[in-house]
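Think of it as A, B and C in the order they're written, each chain with its own count starting at 1.
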């Protein structure tokens, strides 16, 4: 039996069994290349992400300058229009993030290998999406208060946004339910795809409901004429937010990969203990 | 066994269990009925016009709340004595299990909705027009299929996970919002509530059928990966 | 002899806990193998791995010709697992339960009757609701479901628990008959004398590993 070999290896420092077991984790763990990257750098940053992060920061300074100073105040909405420069990019980002979640969920389920990296990307993207959706909802209702006089309108886009927010909170709750990483990945991939199916249905029905019952639907920023400099500022916002998203997504995915790796490392130690407990007899 | 035979077998089994345990007649139906009475308290039962106006929406709200109980019950019978493990081990076609459980759930929902519409007639003075009967029946059937498919899909997702009792409403209610909107409008058209005319109802029925078809297909495909953990 | 179960250095986890820490076991067709060992040693996990329920995290695992590290679903239709739960529907009668599981493999009503008969359930118990049965009668019903399902690999977790002396004899007879007709049986049991007399071979499960016992 293999017990004799295992008993011997318990005396060796944990570094040896770890590298030993890393080969065995292959089918379920992260690809080996990712592992090497992580080992070389102590954190989750690489040169590429640092460049991305620094350029996002510079872009953010630009956005602040253009959004708050260079772009003109609106004729009707006055200074309140400046909320647009974070509200619209935030909304774009949340939709992009949830789209990426659905895409990665689909890839995870369809690829025969079922690599967990797709599951981690899906989860990381949904987390970022929920944060930016919260930003969108808060800025949207503040903007609504300033332009419409109310915090909330039963507008189709607004209602769908709120539904998306709740749906992805549920998605993250399901992700945190525990079980093996594979079970978690499978469950949440199905949910990620179903959510992508649900959103158009909700949006369509709410939209239809509003237009049939109340003709005057106000779309956010609908009565704003967007001038050249305003449009330029808005585009800066979209680009900068997308860069921030990419930066966050890469880092979050790596953190999740590290967490899985820590669990795998914990498994190696637990395995040693378990074998040890059975050996001396 | 092919998918349809599995579906028939599972549906017959679920309905037989319900017939024996009488959870729906002894617990869910009384709950739905008392909910209809409570709605009248919360609104204004002196004001008949108001109750007639909101009756279609209240029927579906009571249905949705009962759906949460029925879905939990539908999977509690599988998890109680580990039958769900046995179903997994038996290698039975998961698409068939999905369709069978959804069919049993749909049969219970139809019974429930019939009672709720009766309660609306009785308590809220809703009037059923002869011309609206076809729309009424098709709406009830289409909405029921949609609710049964979504309910079974999410029930399967939550089955065997700790904390599913609290998670199920959070997951399920946002998804069934289109059914609440569509079925309420279609029922208003069928009853002639307010200024609603019959022709307004048909597009909503189309929405309900689309919803049911979409989640039926997804459920058959996704139930395998969900059951298998 | 055909190899039915072939496990080598299998690791399986329950959450973070390695229930199996490199377990190896080979079982041939028609064998009755007894798994003995203390509670928490991994006997149940070993059975669940063989049933394709618990994922194999590391190692080599082939059961009934299916590689469990690749696909755990193929093996399931041929395996019968009787765990701590019976997997029965308490509201239904004994016959309804056996019929339900038998129908999944297309068993005829004659086969259902034969399955009931073999576990002594055909007379007055057949139409009683399972919820009203004693623990031993429930266990017999669960075994009848395995017979009706035509499982070729039987994985039994403490099957003798809760059975009276007569029930135990019946169970042993059923297991011997199943093995004689080509089924393979893995029994996890505390009742060493009883199961030891029944089994062809005994292995010890300790701390998530399997040790052969010198006969």
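We take it that contacts are C-beta pairs under 8 Å (C-beta built on N, C-alpha and C of every residue); 3 or more make two chains touch, one makes a residue touch a chain.
Here the structure is a predicted model, which means the values were calculated and not measured.
**Q** Count the touching C-beta pairs: is A-C or A-B ahead?
**A** Of A-C and A-B, more C-beta pairs in contact link A-B.
**Q** Quick check for the class: compute each chain's Cα centroid; which one is farthest from the centroid of chain A?
**A** Greatest centre separation from chain A goes to chain C.
**Q** Can you give the whole-Å distance between the Cα centres of chain B and chain C?
**A** Going by mean C-alpha positions, chain B sits 38 Å from chain C.
**Q** Averaging over Cα atoms per chain, report the distance between chain A and chain C in Å.
**A** So the centre of chain A lies 44 Å away from the centre of chain C.
**Q** Please tell me the distance, in whole Å, between the geometric centres of chain A and chain B computed from their C-alpha atoms.
**A** 33
**Q** Can you list the residues of chain B that touch 2 or more other chains?
**A** Correct list: 228.
**Q** Counting only residues that touch at least two other chains, what does the list for chain C look like?
**A** If we look for residues of chain C contacting two or more partner chains, we find none.
**Q** Check each residue of chain A and list the ones that touch at least two other chains.
**A** Within chain A, residues 178-180 contact more than one other chain.
**Q** Tell me, which parts of chain A touch chain B in their complex?
**A** 109, 163, 166-167, 169-170, 173-174, 177-180, 183, 186-187, 189-191, 193-194, 197-198, 201-202, 204-206, 208-209, 212
**Q** Name, in rising order, each residue of chain B that touches chain A in their complex.
**A** 153, 157, 161-163, 167, 170-171, 174-175, 177-178, 181-182, 185, 200, 203, 207, 210-211, 214-215, 218, 222, 225-226, 228-229
**Q** Sort out for me which residues of chain C touch chain A in the complex.
**A** That would be residues 9, 11, 13, 15-18, 21-22, 24, 41, 55, 57-59, 69, 206-212 of chain C.
**Q** Mind listing the chain A positions that touch chain C in their complex?
**A** My answer: residues 1-3, 6, 21, 24-25, 27-28, 178-180, 182, 263, 266-267, 270-271, 274-279, 281.
**Q** State the interface residues of chain B toward chain C in the complex, per the touch definition above.
**A** For this pair, the touching residues of chain B are 1, 6, 9, 13, 16-17, 20-21, 77, 80-83, 85-86, 88-92, 224, 228.
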